[in-house]
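Paired with chain B in one complex and with chain C in the other, chain A is shared by the two complexes that follow.
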Partner chain A sequence: MLPDNLNIITLVSIGAHPTSGRARRAEQDARAVELGLRLAGDKLQVLHAGNPADEALRAYLGMGLSELTVLEQPSHGDALPLLNSYLKDAGAQLVLTGSQAETGEGSGMLPFLLAEQLGWPLVVGLAEVEKIENGMAQVLQALPRGQRRRLKVRLPFIACVDNAAPTARQSAFGPARRGQLQACEVAVVDDSLLVDAHFQPARPRPKRLKVIKAKTGAERMKAATAKAAGGGGQVLKDVSPQAGAEAIFKLLVEEGMLR
Partner chain B sequence: MSDIIRRDPRAEWIARNRLHPLHAAMQTAQTSWMGPNGIVRKNPHVVGFIGPNGLKRIDRSGAQQGGSGKRATASAVVQLPLHVIEQPAFYIAVVPDMIGGRLSSHDKDLLGLANKLAGSDGAVVAVVFGEHKETAFDTAGVDRLLQIEGELFEGYAPEQRVLALSAVESQLAPRHWLLPDSRTGGGELGRRLAAKLGERPATRVWQVAEGQCIGRAGAGREDLVRSAPRLILAAVECAEPVSDTRHEVRQVELLDQIARNLPRIEDLGAVAVDPALIPMAEAEFILSGGNGVKDWTQFHQAAAALGATEGASRVAVDDGFMPRNRQVGATGTWVTARVYMAVGISGAIQHLQGIGACDKVIAINLDPGCDMIKRADLSVIGDSAAILAALIERVTAYRQGGARDAA
Partner chain C sequence: MMLNTLLPILLFAALGLAVIGAGKRFLMWRRGRPAKVDWLGGLLAMPRRYLVDLHHVVERDKYMSKTHVATAGGFVLAAGLAILVHGFGLHSRILGYALLGACVLMFVGALFVAKRRLDPPARLSKGPWMRLPKSLLMFAVSFFIATLPVAGILPEGFGGWMLAVLLAVGVAWGVSELFFGMTWGGPMKHAFAGALHLAWHRRSERFGGGRSTGLKALNLDDRTAPLGVEKPRDFTWNQLLGFDACVQCGKCEAVCPAFAAGQPLNPKKLIQDMVVGLAGGTDAKFAGSPYPGQAIGEHSGAPHLPIVNLNGKALVDAETLWSCTTCRACVEECPMMIEHVDAIVDMRRHLTLEKGATPNKGAEVLDNLIATDNPGGFAPGGRLNWAADLNLPLMSEKKSVDVLFWVGDGAFDMRNQRTLRAFVKVLKAANVDFAVLGLEERDSGDVARRLGDEATFQTLAKRNIASMSQYQFNKIVSCDPHSFHVLKNEYGELGGHYQVLHHSTYMDELISADKLNLGQHKGGSVTYHDPCYLGRYNGEYEAPRAVLKAIGIEVREMERSGFRSRCCGGGGGAPITDIPGKQRIPDMRMVDIQETGAELVAVGCPQCTAMLEGVVEPRPQIKDIAELVADVLLEAPAPAKKPVPTKPEALEVH
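After this line comes the complex of A and B, so read on.
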């Protein structure tokens, strides 16, 4: 159900291991590459804005890519204008990204800003592309609690994937060495964020205390010993099974549980 | 019931009649009096009352008076003081997620943060799309409520919602926009709004104080400290929810027409997902069986008919009717379902701990006195097999009727 000449670009970034902080391929970006490889095979283009000498980029090449384009810029640069001008002329039908970066600000705004500036629709939480025909794509969107939603979206569009997308394949050493990193010289734009903001090591968040605003000892005692009580729950006694089932059915419909 | 103290002539008569069997119970127990020498005398034997299990109890708070004294009237619900903002100096706009049409705990935290930012001059305006079922907007801290209704906003319509929010922006020009940074919609809507308004938002914010906000950055190993921007996407527990004021939920109308756009993303509706594949900790609807379930084949049928994820109590797992990974409770999985249906589970405290985060609990049980019924929002007393059979029948009829309507 997929056309042969599909032009897909995946945007990748450098990730950081959650415990050690070592540079690695970013988890969600690797999933985006995996999804792109499944859709476009060898013709997938992968794009990175940053330092082309970074060894962690080779982990993406090790997934079976022959080359990776790097828009060269220092780490404090703003990637958005570079990517915007590149994508304007690239003629891509689908741009895949992760949902948020593992290093730096990690606000997850990049796909939203790109979509706004390019005037393309944006799909959040892409899980699967079912078919692409007549300039429309039918995709599955991942929702919380394991649910899925089917969407129909016009090409070209931007999609960001999260952890519901297929797991990324392993990176192999040989292809990672053989792959080409193509550096492009572009004008560097500085990011205005770090003028008034600074990073600090993440503090563990304080655990929320259960504050009991009791005025008397009896109230405090009651709050400390109270069992989980729903209070005014409705109890149906001595009803026929049909009437009971009807009441349950009504509540399920009201809560939207029967789809 | 009014607080007027009424005389009970019969009780007075019994108190006078020493031969009456209830005479002792009707004695007004005098605990202290002035003695003849001007010393206050006390009778310690009449202090307290006989508790439900026959032991004497002394309650020194004075709240409870067993036996004697005037008949207790139902204590009136304490009204929290009303917080009125007649002419707001500025607005703080909040767009709650409203999962299932109600404020989630994340939404309430966010409203608490909004009230902190609003102080005593600003008004918190909540923007709600479509119908809602919430009844406690006032105690959650909503000064103004802006409801945006219409077919265009139903289902998945983020682009249309962003247009509506930009209409709110041009009408109220709120000082801050607050959205929950959640996967259920707030995170996406907030980022779309930020892109539309051209604001750089602060994301995953967990503390806002003195004009500075702290949010998680990257993969969570660093925090980003910055001055609070106009648009804040806040994480859970970003502030304490409002607890000691009541707010007037004054309705606000949008004056301008909301611009329409041709939707570029079409919602084709939810896709049926195999409920058995959803991890139980995050399943939305769980049908759980316990010792009271005798017909397990029918139980599995019911789960399939309802489209529910299956769970079980410890007894059912120990008896081998369900696998261990389906156990709900302290030693099993702590579930977060929106609707939890307990069939034949009496509700041991370990089980009730496991379902503490569930919104609605439905109980089907033979014993009307069990703990699960006290926890449940709806309980049906009766034979579980008969009720499940009736429920399967009802749901099947509903599904077929729906299919006929669609065709």
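After this line comes the complex of A and C, so read on.
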């Protein structure tokens, strides 16, 4: 259900292993590559902005890519403008990314900023692309607790994947060694944020203590599997668009999101 | 006289065909990749290898060895003499009598072959193999009768043309099977290919009582060399020759734990599939036990076609290759000294290095090894946490010691930590000058290598070798037979040469040198489970038993012990690839253990410990030899100043 000439580009970054911190392919980015490979096979293009000599990039090649394009830039460069212009010129129709990088800022903002600058729609939590027809894609978006939402999106668009997307295939030594890292010279743009900001180690987020009052195993099971009870919400069904919008507006004002 | 013209024609025609067949077969093997062999030296050494080394293995089955000596010896003699007497017409009486004797010897041998075939065990192949004893008998009888006139026992021309025709038919049958059947793919092929396989064996060190068990390294610097074996012709040519030598005796099948567990592997079928691959065709003619759960006749291959098709059927399914625990029981039993494990790992290498198709947890484990130097993905900084309170001397501080204690990845496993702590206790009690590498130690690369990831193995090995090269030590001691084997036998090719001991061997030395003050083991009866990588891979069967004896344990041996020990199922990454079967290998081993009635099984390997402790209770307890020794250490009574346990604060437990 996919057009032959679909132009898919996956953006990848350098990851870091959670326990050793060693450079590796980033987990979510690898899933984005996996999704891309399933959709476009060997026509998938993979793009990275950074150092083309970085060996960790070979782990993506090991998934069976013959080449990976690297927009060459130093670590203090801003990837956003480079990606923006590259994607525009490349005529990309679907851009896949992870949700959040494992190294660098890791703010998770890149897909949003890119979508904003390109003026494209953004789908977060992409789990599956079901079909693409007549310039429209039908995709499944992952929601908490294994739920899925079916969306129709107009091409071109950006989608970021999280851990709901299929696991990345194994990276194999042979293709990793054979694949080409194609360096692309581009005009480097300094990241203005990095100029006056500095990195510091993250403090682990405090975990909410879970007080289990259950006396029996069955109760414990219930406590572990129960849905978080929101309580305050309100389900609107069969209301007019006007009434729905008003309800949302009212809530946003109440929550202080809009003033 | 009709026979006098007919026999030479038959003999030389058969010989001629045999030579043509031999040439064809030789070219088939040579389709494989080049291998360095000692052409002439190998050929010269071959008779000795055949008569001594091979016989040594066959000798384990007395019936078969006697049968084989009579049949094969009789045949070789009879064939040689028949060529002289009937081929070249040297009608001397002495030669005649000698030929008669050879025929009788062969006949007697063939009778025993026929007897075994009356109700053949499942491990033997049927099909053409059922015909072989008849052909042998026919050869012996025909030449016997045809030679009677030569010896002067019967008059020339006895029996007239009727007998002459009968004899001609008999001789024709006999020489077809035994001369050109040998090189055209009949059952007798094993003799021809076997002899040359022995001559140009890829592990010639195995002959003359030697041992060669380390996997051979891939040359990763050579970008043109294939990464493992994809097609039959990616094997080296002498590996192909080795497959062709298989006599389909099924000794390997009978001992294979994966086969017994109902996993889709039968080492004999695997070797025969490789023969199908090297010659081209399907497995439909295979007349032995199939891979459990798979039908025969659905797989086919050719020298230039991939062996495994991940999306369908080719010559062999990937699960077959991943079922193997690399226990080496098949290699140990194989009378033709075929190297099954090498072949399996070669094919795994292709699947992992080229296809990225290591099944189940394989990919995750390999990723962890790459990123954290241990298969569990634990933070590398925690490698010494198990010994936080032991004050272990570090190599980086001591620089030079007698014993480098190789801890292994068991450091991350709570069960194995008990073994490690017990062994440290023993080392300290014996005042051994030892140290550990601590955070400079990495996984030995054993699992990566056996999962086919030669690249990760070599990276880990080289980093370990670099760590160790900074320090001085006399020997390495490890509680893990896998690390032990890899360090001892597989690091050499990458430049790391060490004296490596298993902890049981080292404790045996300590005990012999009176360095340990030991009491006697109290508690029930004990059996001992030989780890594959200690026993079959390294020939250490005695030291663990000696240590157990020293602490007053009389081992109740299992039926399958020593070189026949059955694998626990934990080797070769098998628990990681986890190919389903009908039962689990450790459960079968536990039955072996329970048959001895022992209440405790002594082990010497973290994998065996984990696999056997994974068997549901009730079952015998499992203890490492180090724990058993540590338990009976007699220490100079320490000042009994136990801290009074502080009363725990009242906790509300929900």
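Rule of thumb we're sticking to: the second predicted complex is superposed on the first by the 201 of 259 C-alpha atoms of A that agree within 3 Å, B and C clash if a C-alpha of one lies under 4 Å from a C-alpha of the other, contacts with A are read in each partner's own complex, and residues count from 1 in each chain.
Please note the rule applied: a residue touches a chain if its C-beta (ideal position, glycine included) is under 8 Å from a C-beta of that chain, and two chains touch if they have at least 3 such contacts.
Every value quoted in this text rests on a predicted model; they were computed, and no experiment measured them.
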Chain A: partner with more touched residues, chain B or chain C: B
First, second, both or neither for A:K213, with chain B first and chain C second: both
Which of chain B and chain C A:V189 touches, first, second, both or neither: neither
First (chain B), second (chain C), both or neither touched by A:V239: first
First (chain B), second (chain C), both or neither touched by A:S171: second
Which of chain B and chain C A:G146 touches, first, second, both or neither: first
Partner chain in contact with A:A53 - chain B first, chain C second, else both or neither: neither
Partner chain(s) touched by A:A223 [first = chain B, second = chain C, both, neither]: neither
On chain A, positions contacted by chain B and by chain C: 213
Residue ranges of chain C touching chain A (in the complex, touch as defined): 223, 227, 352-358, 362-363, 366-367, 370-373, 377-380, 453-456, 654
Complex interface listing, chain B residues touching chain A: 59-61, 63-64, 100, 156, 159, 182-184, 187-188, 191-192, 194-196, 200-203, 206, 216-227, 237, 240, 243-244, 264-273, 277-279, 282-285, 306-308, 338-339, 341, 349, 352-353, 356, 360-362, 364, 368, 371, 373-383, 386-391, 393-395, 398-399
Interface residues, chain A side, partner chain B - complex: 15-16, 18, 21, 101-109, 112-113, 115-116, 121-125, 138, 140-141, 143-154, 157, 162, 193, 196-203, 205, 208, 211, 213, 216-219, 227-230, 233-239, 241-242, 244-249, 251-253, 255-259
Of all residues in chain A, those that touch chain C in their complex: 17, 19-20, 22, 24, 62-64, 169-175, 177, 212-215
